[in-house]
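Working notes for the structure below.
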Amino acid sequence: MIRIEARPSTPRAMTLGIPVLSALIALALAAIPLLAAGANPIAAYGEMLRGVFGSVFAVSEMLTRATPLIFTGLAAALAFRARLWNIGAEGQLYLGAMAAVAVGSGALDIPGLFLLPLIVVLGAAAGAAGMVVPTFLKVRFGADEVVTTLLLNFIILIFLQMMLEGPLQDPMGLGWPQSAPVLDQGMLPPLMDRMRVHAGLIVALVLAVLAQFMLARSVWGFRLRAVGENAAAARHAGIGVNRSLFGVAILSGGLAGLAGVSEVAGLKGYLTADLSPGFGYTGIVVAMLAGLSPAGVVIAALFIASVFVGADSMSRAMGVSSFLADLVVSMSLLCVLVGGFIARYRLVWVRAGKAAR
Amino acid sequence: AEKVKVAAIYTLPVEQQWISRIHKALNTAAERGDIDYVFSENVANTDYERVMREYAEQGVQLIMGEVFGLERAARKVAKDYPDTAFLMGSSFGPVAPNFSVFDNWIHEPSYLTGMVAGAATESNVIGMVGGYAIPEVNRLMHAFMDGAREVNPDVTFIVNFIDSWYDPPKAKESAFAMMDAGADVMYAERFGVSDAAVERGVKAIGNVIDTAGAYPGTIMASALWHMEATVDKAISNVAAGTFEAADYGQYSFMAYGGGSLVMDESLVAPETVEAVKAKEAEIMDGLFRVNVNDDRPVSDN
Amino acid sequence: MTDHTVLRLNGLSKRFGTVLANDDVSLALHRGEVLALLGENGAGKTTLMNMLFGHYLPDAGTVQVAGPDGVLAPLPLGHPQAALAAGIGMVHQHFTLAENLNALDNITLGSEPLRALRRDRKSARQKIEGIIARSGLSAPLNVPVGRLSVGECQRVEILKALYRDARILVLDEPTAVLTPQEADTLFDNIKAMTRDGLSVIFISHKLREVLAFSDRIAVLRHGRKVGEMATADADEGAIARMMVGADTPKVAREAMAPGAPVLQLQGVTVPGRSPRDTLTDVTMTVHAHEILGIAGISGNGQSALARVISGLAVPQNGTIRVGEEQIARPGPATMVRAGVGRIPEDRHHEGIVGAMSVAENMVIERLDDPSVQARGLLRRGAIRAHAEALARAYDVRGPGVDARARLLSGGNIQKLILARVFEHAPRLILANQPTRGLDMGAAAEVGRRLLQARARGAGVVLISEDLDEVLSLADRILVIRDGQLVDTHSHDRERIGLMMAGEPA
Amino acid sequence: MMDLLNILLSESFWAASLRIATPLIFGVLGALICERAGVLNLGIEGIFVVGAMSGWMAVWLGAGLWGGVLVAALAGAFFGLLHAILTVPLGLSQHVSGLGITLFATSVSYFSYRTALPNVSSPPRIEPFQPLDVPILSDLPFLGPVLFQQTALTWLALLMVALVWYVMNRTALGVAIQAVGDNPDSVDAQGLSVYGLRMGAIVAGSALMALGGAFLTMSAFDAFFFGMVNGRGWVCIALVIFASWRPGKALLGALLFGAFDALQVRLQAEMGALVPGQIFLMVPYILSIIALVLTARSADYPRALLTPWFKGQR
């Protein structure tokens, strides 16, 4: 019989070593699809490494892809801390992006000093609104937010399509369902010449640090943790549970909205219905890998981005199907999940018969 | 001669009709031994720019693909790699020195298939199922509708967009709904429509690719797109070092063999065949210009 | 009673991390015998029984059970299935019922092969009805268990064991949630069954029951068995000494003149979905220097009353006054600010946030206080220092104030809550089931603290299903029944018991 | 108005509703079983994909239609087992494991499809399930076309509704599954295996989900496409709650959703000129949320949903 026992404490080497080991195991497992596709795994790993760290360009691309994941990862981490299961970051991201182009692409031609903050604030507000609605339905009617946020993703995406063929459509866009570009002064500036990595990354990092600090050190964070760990006790102790939930809903939705702002005003410049290849959902994964810690979110986002960019680039170099990238990401995720388990628990083999005789 | 290194970047899998035509033309060129061909499919627009740069860095000579979702970014990349030739599906114009564009300008054969459909319908109701209402789609639908109206002024259209490039079951349901509303000829812009037509025994018109073999007795005519002319032209330009920024759209016109009509003459009335062939000749001779209309088509009520 | 041994535990040991929960415990049980297993909170009683039943695998030791032929045979350990097959039935300290199923399904769960294509509910029902007739333990069989009262749930638990033909019945604190009358009936029924050969081990902290119903007593302390005695030879003092290793001081209540009113409820009505959370037109006054006891069978509106006083329920009608102040918008925070200290009924569920530290739990009701925060940031040093002082003052023992509160034992969690409540000298204290599940020492400590607060001038509302506790602590006793309060004007056990049951006194 | 009435009275509309509902019926039943046992299975979207791909692939390789159905179920069961191992004995987050399974199952399907068929220009087709032509019944007015001209898989879905209802409500196994989703301790204390019941339920539920995917490639259509599942799995997650975890209501919910979808394509065709087509696309989702809001308070959740349970820890 196998028994699972919580480790009294996790050795330091293990906290650091196990995630790394898990990632390595995931890469080892990636050899299976590689061999199936007739590629040499050893060469592939080399290509993968080169794809992420081989050049300044590669690193900048990895950072570019990590940026929205930090935002959505933070969105999920904060909400999940309060046991508010926000699966709707994807939709909230698009709400933020819509708000950004609504004001940023010519509606207001004002200096960047005003326009950029306006875009950021409105984008965050739009995302926040997208999470406040399901939170209201939860608090008022008891409607499960996993489902409402999930369904809202679809509704928002369809709404987006409607907007891109209607009010938000670029009049110069030859009829394509896309928005007009954000004015130059409304764009988040790039961090490096000729590279795509942009100031959104800095914003994301600052917010991660801030979130980490507030969660651990502020009364607000205290309340949020209490509500998440035991809402009944928090309510009994006089903490406004609904207020905390709405607060975290606003932050979580706002962060997801910022992911949209950052993608549209930092990277693409205008909005299309395929702005996000599932950043909202991946954010959940990032948050959980991070153990719901904001600082961890940064590391997890960098990890996921590295694996994706590396595997994607490797698939091209090795001439195997580019679907390999998602496959490697998902295997890494599952391995790291199990690794996290092993760090917290140990399996004990017990022979049941012995004691009985 | 040295093989030209060509890479293609597609935002959808290579089975998608539109992309399959480019893929096919490049594969043909590769089989001929003219090029070394690699491709990445299903690349999200977010990642597209990185993939372009990766190929450019690898020294690929010609990069093909579609930049409808990232027109500006793509032109920026092209500027950063002036020695690489870019030939991209795009709604906008070329940019010197190295960024050329193309599009599926098969409105001409679409017009002709419209004539077939308009003549064939008995209920005077034609059903049209589209993916998204984007210019590339709208343009062909309007040409088709114009053609149908030319031969049959009483014809009405039911138009539906399923808001997905890929959902054959949904396209099929949409087609069934139109047949329930009286449509007896279907314009099959998406996969799934012809399947519904086969099940109900009504006729269909194909688009971009020739699926007549898969739906025997159903597809009366198809407007085909051929990328060979475009691709071969670009490859030879690159090989000769004469690649320039240009609009390759014309190579999709019928006159260049980029667009063509196929008809199953056993399913089409002889007088219609005759009328269509006459019109085809007019187009080839430049005597008739098919109107281009990019607006979203709507149902007649 | 014969001397025939039906169960033998030989040298069982079990370690959880650093805690040695059981250390080489041996025990024998005879046919038809009621053995009381006693010990302080955390002494290892539940752990021992869980090993017997197969929930835990012992680190060392063996168990032997007599078969139907009376011959002792080794029991395979670590398999509840095997224990059930050997005729061992266990009623756990916490209910193990599926609330969405009715009693019949809960009772038959696991007794039928899972592969069977159909169930024979008819004969199951007949068998259960037979057991009910024989044992006198009745419960509605067709209602989802979630809608039953705790007393009914407790009976369903025992029926579960009897349905599996248990010859050995383990009862882990079966009366912790029952009224004295319910408890007496339960034990009468069990006694009757022992005459048919049932053997019983029961765990309890209530010495009255132990002395009245057991034949023999075994005592655990810190995981070791420290003694056994025949109940006939035992008295409270002797048992307590064996459990704690020292005498426990008796709490004595001195007479005291009541002061000004500290809590007045006037015509308070709370509508609820079940009687448990309904109050109808309740009027009551609590004075300074007074402990007002609320007795009643569980599920008669105690929770609703407690929710009103702790600010969790907003009455539909009526007024609440704390001291002079009328509470316009009741809420937990308002109540705390008005000087109400609240000891919740369910300490794990409502009393603490188990995943947060002991120190954090100590300040959770006072987050706006300048000693806790400055400009929205926690003063972590101050919080910690405060917690350490408080833990010393109230003798909260455990792995330290930075440890998660859930790691504390039940008694220490209660002390944490007491510390939090008493620290700010509340003028009114709501104590809802404050000693439920606590051992004698811990319970006495709670009583002592409540009396201290009363002496200081606080008013106390003591809601308890343990009538003995109410009798010993309260100055005045009201009975709650069907959401209404009745003054008893008495301290007579018999009379109050009858009023609780709804009979005219 | 007349149009709407005409649509609602037409048999083809109801036949379409049932057809569109079929994959959802499989999916919602599968999700229901998992959640009844206390485990949320967000892997459903990916399990749909793997069912669609593997079932189709098996038929394409010559396994026969029912062979394809079996392969799809087995593939679903495999990914279900993975989810079960991660969430039951290991007790990992059900949300993340589920999303991970969706990503994994989807990418495995796509990667293997592409590796097996590297150079197709149009997707290869199979001979799919044909509508059953039950002799006399299919000629019945109204009921004939609606019920008796569906494919065998639709019938299988309806059969599954009855089967799941029977197992859940009339067998010891069903009672045990309901118990383990409400309070695992109740099952443990009665000598049943919490792990066994939960894992079994997830595996069985996932196999059913995969049939929903298989329907797409083997009945609704005859080829596999990337992205063809298109959110149908997620919809099932919402429908389970709408159905209060009851098979009968699950059927009703799936049918309602199917009906709205069928209505949507018909109305859009009629009124597309007046209203943006997207409005119609949104309707089923908005109605799901409204239904959820209306039923939420009365829904009795499996109390142990999302809560892992470890043996020997309480």
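For clarity, chains are labelled A, B, C and D in written order, and residue numbers in each chain start from 1.
Keep in mind that, in the parts below, a residue touches a chain if its C-beta (ideal position, glycine included) is under 8 Å from a C-beta of that chain, and two chains touch if they have at least 3 such contacts.
Everything quoted here is computed from the prediction, not taken from an experiment.
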Expressed in whole Å, how far the mean CA point of chain A lies from that of chain C is 45
Per the C-alpha centroid definition, the whole-Å distance linking chain A and chain B comes out as 36
Just give me the whole-number Å value for how far the CA centre of chain B lies from that of chain C.
-> 75
Multi-chain contacts in chain D: which residues touch at least two other chains?
-> 110, 114, 278, 281, 311-312
List, in ascending order, every residue of chain B touching at least 2 other chains.
-> 41-42, 163
Can you tell me which residues of chain A touch two or more of the remaining chains?
-> 3, 158, 161, 165, 321, 323
Between the chains shown, work out who touches whom and classify the graph as line, ring, star, complete or other.
-> other
Between which chains is there touch?
-> A-B, A-C, A-D, B-D, C-D
In the complex, go through chain A and note every residue touching chain D.
-> 3-4, 6, 33, 36-37, 85, 87, 137, 141-144, 146-148, 150-152, 154-155, 158-159, 161-162, 165-166, 281, 284-285, 288-289, 320-321, 323-324, 326-327, 329-331, 333-334, 337-338, 340-341
In their shared complex, chain B is touched by residues of chain D numbered 10, 12-13, 16, 19-20, 110, 114, 119-123, 125, 216, 220-223, 225-228, 230, 261-262, 265-266, 268-273, 277-278, 281
Taking the complex as given, what residues does chain C use to touch chain D?
-> 55-57, 79-81, 83-85, 90, 92, 94, 96-101, 105-106, 108-119, 160, 164
Complex interface listing, chain D residues touching chain A | 40, 82, 86, 89-93, 95-97, 99-100, 103-104, 106-108, 110-112, 114-115, 118, 231, 234-235, 237-238, 241, 276, 278-279, 281-282, 285-286, 288-289, 292-294, 296-297, 299, 310-313
As the complex stands, chain B meets chain A at residues 11, 38, 40-47, 49-51, 53-55, 57, 68-70, 72-73, 80, 91-92, 132-135, 138, 163, 294-296
